[in-house]
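Beneath this line is the structure, given in structure tokens, with notes to follow.
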Amino acid sequence: MRFFSDNAARACPEALAAISDANRLDTAYDGDAWSQRLDGALSALFETEVAALWVSTGTAANGLALAALCPPHGAVLCHRDAHIQVDECGAPEFYTHGAKLLLGDGAGAKLAPATVAALAATIRDDVHQMQPAALSITNATEYGLVYTPEETAALGELCRARGLGFHLDGARFANAVARLGCAPADLTWRAGVDALSFGFTKNGGLSAECLVFFRPELAAATRYRRKRAGHLLSKGRYLAAQILAMLEGDVWLRNARAANQAATRLAEAAGGDRLIHAVEANEIFVRVTVEEAAALRARGFDFYDWGLGEARFVTSWDSAGADVDALAAAIRAL
Amino acid sequence: MRFFSDNAARACPEALAAISDANRLDTAYDGDAWSQRLDGALSALFETEVAALWVSTGTAANGLALAALCPPHGAVLCHRDAHIQVDECGAPEFYTHGAKLLLGDGAGAKLAPATVAALAATIRDDVHQMQPAALSITNATEYGLVYTPEETAALGELCRARGLGFHLDGARFANAVARLGCAPADLTWRAGVDALSFGFTKNGGLSAECLVFFRPELAAATRYRRKRAGHLLSKGRYLAAQILAMLEGDVWLRNARAANQAATRLAEAAGGDRLIHAVEANEIFVRVTVEEAAALRARGFDFYDWGLGEARFVTSWDSAGADVDALAAAIRAL
Amino acid sequence: MRFFSDNAARACPEALAAISDANRLDTAYDGDAWSQRLDGALSALFETEVAALWVSTGTAANGLALAALCPPHGAVLCHRDAHIQVDECGAPEFYTHGAKLLLGDGAGAKLAPATVAALAATIRDDVHQMQPAALSITNATEYGLVYTPEETAALGELCRARGLGFHLDGARFANAVARLGCAPADLTWRAGVDALSFGFTKNGGLSAECLVFFRPELAAATRYRRKRAGHLLSKGRYLAAQILAMLEGDVWLRNARAANQAATRLAEAAGGDRLIHAVEANEIFVRVTVEEAAALRARGFDFYDWGLGEARFVTSWDSAGADVDALAAAIRAL
Amino acid sequence: MRFFSDNAARACPEALAAISDANRLDTAYDGDAWSQRLDGALSALFETEVAALWVSTGTAANGLALAALCPPHGAVLCHRDAHIQVDECGAPEFYTHGAKLLLGDGAGAKLAPATVAALAATIRDDVHQMQPAALSITNATEYGLVYTPEETAALGELCRARGLGFHLDGARFANAVARLGCAPADLTWRAGVDALSFGFTKNGGLSAECLVFFRPELAAATRYRRKRAGHLLSKGRYLAAQILAMLEGDVWLRNARAANQAATRLAEAAGGDRLIHAVEANEIFVRVTVEEAAALRARGFDFYDWGLGEARFVTSWDSAGADVDALAAAIRAL
């Protein structure tokens, strides 16, 4: 019973069907009918004109987004535990040609405006230091918390005031939207976000992510960078088709709700004292002893140790009800 | 009736079935059962121990291979019409961090040892010039010709003598092997090749390429570079499964033979005077007037103009017999 | 008697005196009195507002200029024999983060507008190819020819029409101005040049080059790039002082005239048939047999072989009259 | 009376005389007589065979050294206040093509082995994280403390055990050696250091730094990188001559001793409570109120505020006795 990550979950039926459906001869790269519909579909979803580019990983989406917002000699402000800092082997540095990440702290991997302002204030305004050029946050965060529209807008306001680009790593954007019940626009451009890495893979895709620019002019150079990085797949229609299929009928939201609900059930089972972070999306972090962790594993539950005495369980769109029940019972019984 | 490129062809049934089959929960990235079988499957095919990494595009495979063989201050020798030079928007420069491509000439996009030697000899051995570090050839070439094992080995000998790494862009490696009827080893490590970009996408995959290192130690740093470039897909099993499925029962060879045979039929229809290059794989380049090209298009044939007075037709594993017949007849009737 | 390059000549008395004069405690980097006067001095010389940055090599000036004009995924058009292509070990690639140089031909290392236009026309306007972003020429050229104001303006017009940045490698800009007797403005911004690498080292400095932006806003990011590349010397006043001293009283022109005149005397001695290129600055290229070259060396003349049967002699501000006389006589006697 | 930095001090008479002496025609780049003597002179000083390359800034020396020790996908461990992190605008990132600096803490900008080990231990050994490849320390540190030979060796031992390269930023190496009275070898290769940025500029040079490799084979690729970065000056003899002149007769040590003694006098004047760090080299950090700082400035003393309530005074080889006396008295009188 696997709870170690949603990034290994199965593809949902709609995504698989889209693959089959797209298995027709069409134009290569992103000239095909599916890819050509992407801008429109995302613009509709976000209620504004956007430029949307498919890529096959969130790491690529993040790297391309940051390269669009930060020059090689600039700095990106982000949380110390941000995926771009700790889990992408330097993709931001690779794509930006050597920008620096400046790291801030905050509970649950969330950044507060005051923290960002203080972080930016550590940089002298002279040529000896890399000047802050962008802010990057993750919603839902690496610890399963969400930024509300208001919290996001406060950061967006700060970015506007200081001339910072604003990137949102949305590997679990669907989970955040599902949790908050708000419009996707409220968590993005209405709150000042310039670029979103909109994740579909963790949420039931095979390997589809969508880089969405709310300032469409940023896409022009990015199209060259995508090609140059080897991310312009020749049969891109298979990516576009997945995304379109998951947008249609709000499959993406339905999947995210299912994952969130499974996590909520686990959180209720764990109870307050056990929980290290509030459970607002599809991840729960539980205090466990080494013996307890071993006992859970012995019963067939697969999960990550997250530092000493912490276990991370991640639910996904297809977390089987029985597995969740079993894990909930096991956690309750600890 | 589309003959403009094999890179837009459909996925073959085996690849699609592999996708469905791999739609089970497993470990993320390349820790899954399919990815773990890749080294073994490719080692068996090549009759030597190799390290094999899946990526989703040939551009990425080429970029990663060149980065493994050439330092940022080095030079890669290649043909003036090589895909890495004219069709990858600088992926080699991006992945190598600024190496230079040195361009040689040769009919049909083939490089002869004497050409390579002469090209290398243009570089003075001092720090003011980027020193040749690697040779990259394409087999089958961008014009549909093949390098024989002997021709490849002659280049490999030159590389060994001069300390050059040897990269083979095998976007259509299957077509070359199918044509030559030799062992895959004969076109690669036995001929001195260090790294192969082994293409599956043009040959019936959805988006699967395999970077094969015949000096397995080269893979270690490349695994970091792949992650850093955003090419370590979290659900890599879908890529590995495609490759394994196409290796099984020699689907890859069967597909390539079908494409080659279709091209041969077109070549026979065109006859000697019309053909710009010998047809040894799945591409045919035909002399046509502007009026003839228009006439062919009016009859429903889709293809690229390749410079003035030249048309390129590419066949693929699934080129429909009727379409090929129709095109052959139309060409014959010109 | 050394005629192999002006880049090894002595420093002129004015430059040395400036070093001594600047040997006073002042602010570090470019905050000192000398550096602060640079913009003004160059703006006066060029009769327009410029931004001027000292660096210690022409390679750095060129690299920084190109990085300001060309994105990593762009291309720089230049002559096949341009210094940036053959003698800087990839500095343009390093500073631009992987841009590509597209090489054109032309007698005497000069590019004609038609050549540049044809070169640009080889690039398809799609994301698979690196799009031309800048043109770089050298005046005086690597073969000692000059571009006139009219020739430069014709190229500038082309750049404007196609949206290309225009860089002038002026390692021997002084020699060109001295030859043409025109205003420095005529060879630069009035002709559409955006950035000039203005050389002082070959012309009597110790190690001082001045990167001049005729679009001053380009300097902002370049100041960060200069620091990042390790070219913001902490005692920059020694560089600025050299440049100011050589501008004062037109020392730079006087030095260049002396070098040009020495070359003219050698050219007259060689006569028409011996000369491979017209002698318009301070370099002369002479047809010699292997035996003749050996005989010249035996008599104490130091120079470069420039391919088979060619010898390059370079004069400098301090080429001793007796040495020039001796070489002239020796060439005449061949 | 300037105490804001030694990086703006005058050049010492020996360095200036060397410039004049080197003002003779010789071979360009590093082929001249002075440059050719550099390896020998440094090998003698360090009592082992080294490869020595002049560059014009410490930033370039550091960048080149780190590029030799750390791949683009690797990490450099250093102190949070290291010059390479806070004052080089990302030169390490530029030269290494995007490596990451991992930051540790320690009083006085010193790193202890346990800190380094703990920092390295934060990195999981998988491809998702940039693996530690090198350690960089500064001696004397940015706060004027020194690492003893024993402290350095303990770090060197850790590096050897973990396969880390070991870089020493020696912008004030002379001050450290002068303080400790040890052999230069004791602070470098005998303690496991692989590469030293040996500073001469702050210590009385015009603009000369020497990158010393104790594993001479590291210099080969670095020579290309130096050219590529625009740091191979065509009249390199002026740099080499400065370095040689300052090594001769131990001018470098005499200069450093003078600077250290001036700092010691200031430290004695300040007394224990005022001093923020021990004064072991030529920097003193003093607790001052805003009013006290203003008063000192009003009396003509120039220095940096170093955060709130801290003032940094730096002495140099030529700090005038009277100025030091005056400042000592003024500090004493606070």
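So that you can tell them apart, the chains are marked A, B, C and D in the order they are listed, and the count of residues begins at 1 in each.
The rule we apply is simple: contacts are C-beta pairs under 8 Å (C-beta built on N, C-alpha and C of every residue); 3 or more make two chains touch, one makes a residue touch a chain.
The structure presented is a predicted model; accordingly, all values stated were derived computationally and were not measured.
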Distance in touch steps, counted as few as possible, from subunit B out to subunit D: 1
Chain at maximum distance from subunit A, centres defined as averaged CA atoms: C
Distance from the mean Cα position of subunit B to that of subunit A, given in whole angstrom: 34
Whole-Å gap between the CA centroids of subunit A and subunit D: 42
Shared interface positions of subunit A, touching two or more other chains: 72-73, 88-90, 94, 97, 127-128, 130, 224, 227-228, 232
Sites on subunit A touched by subunit D in the complex: 72-73, 86-90, 93-94, 96-101, 127-130
For the subunit C and subunit D complex, residues of the former touching the latter: 2, 4-5, 7-11, 16, 19-20, 23-28, 32, 55-63, 88-91, 93-95, 201-202, 206-207, 224, 227-235, 238, 318
Touch list for subunit B against partner subunit D, complex: 71-73, 97, 127-128, 130-131, 221, 223-228, 232
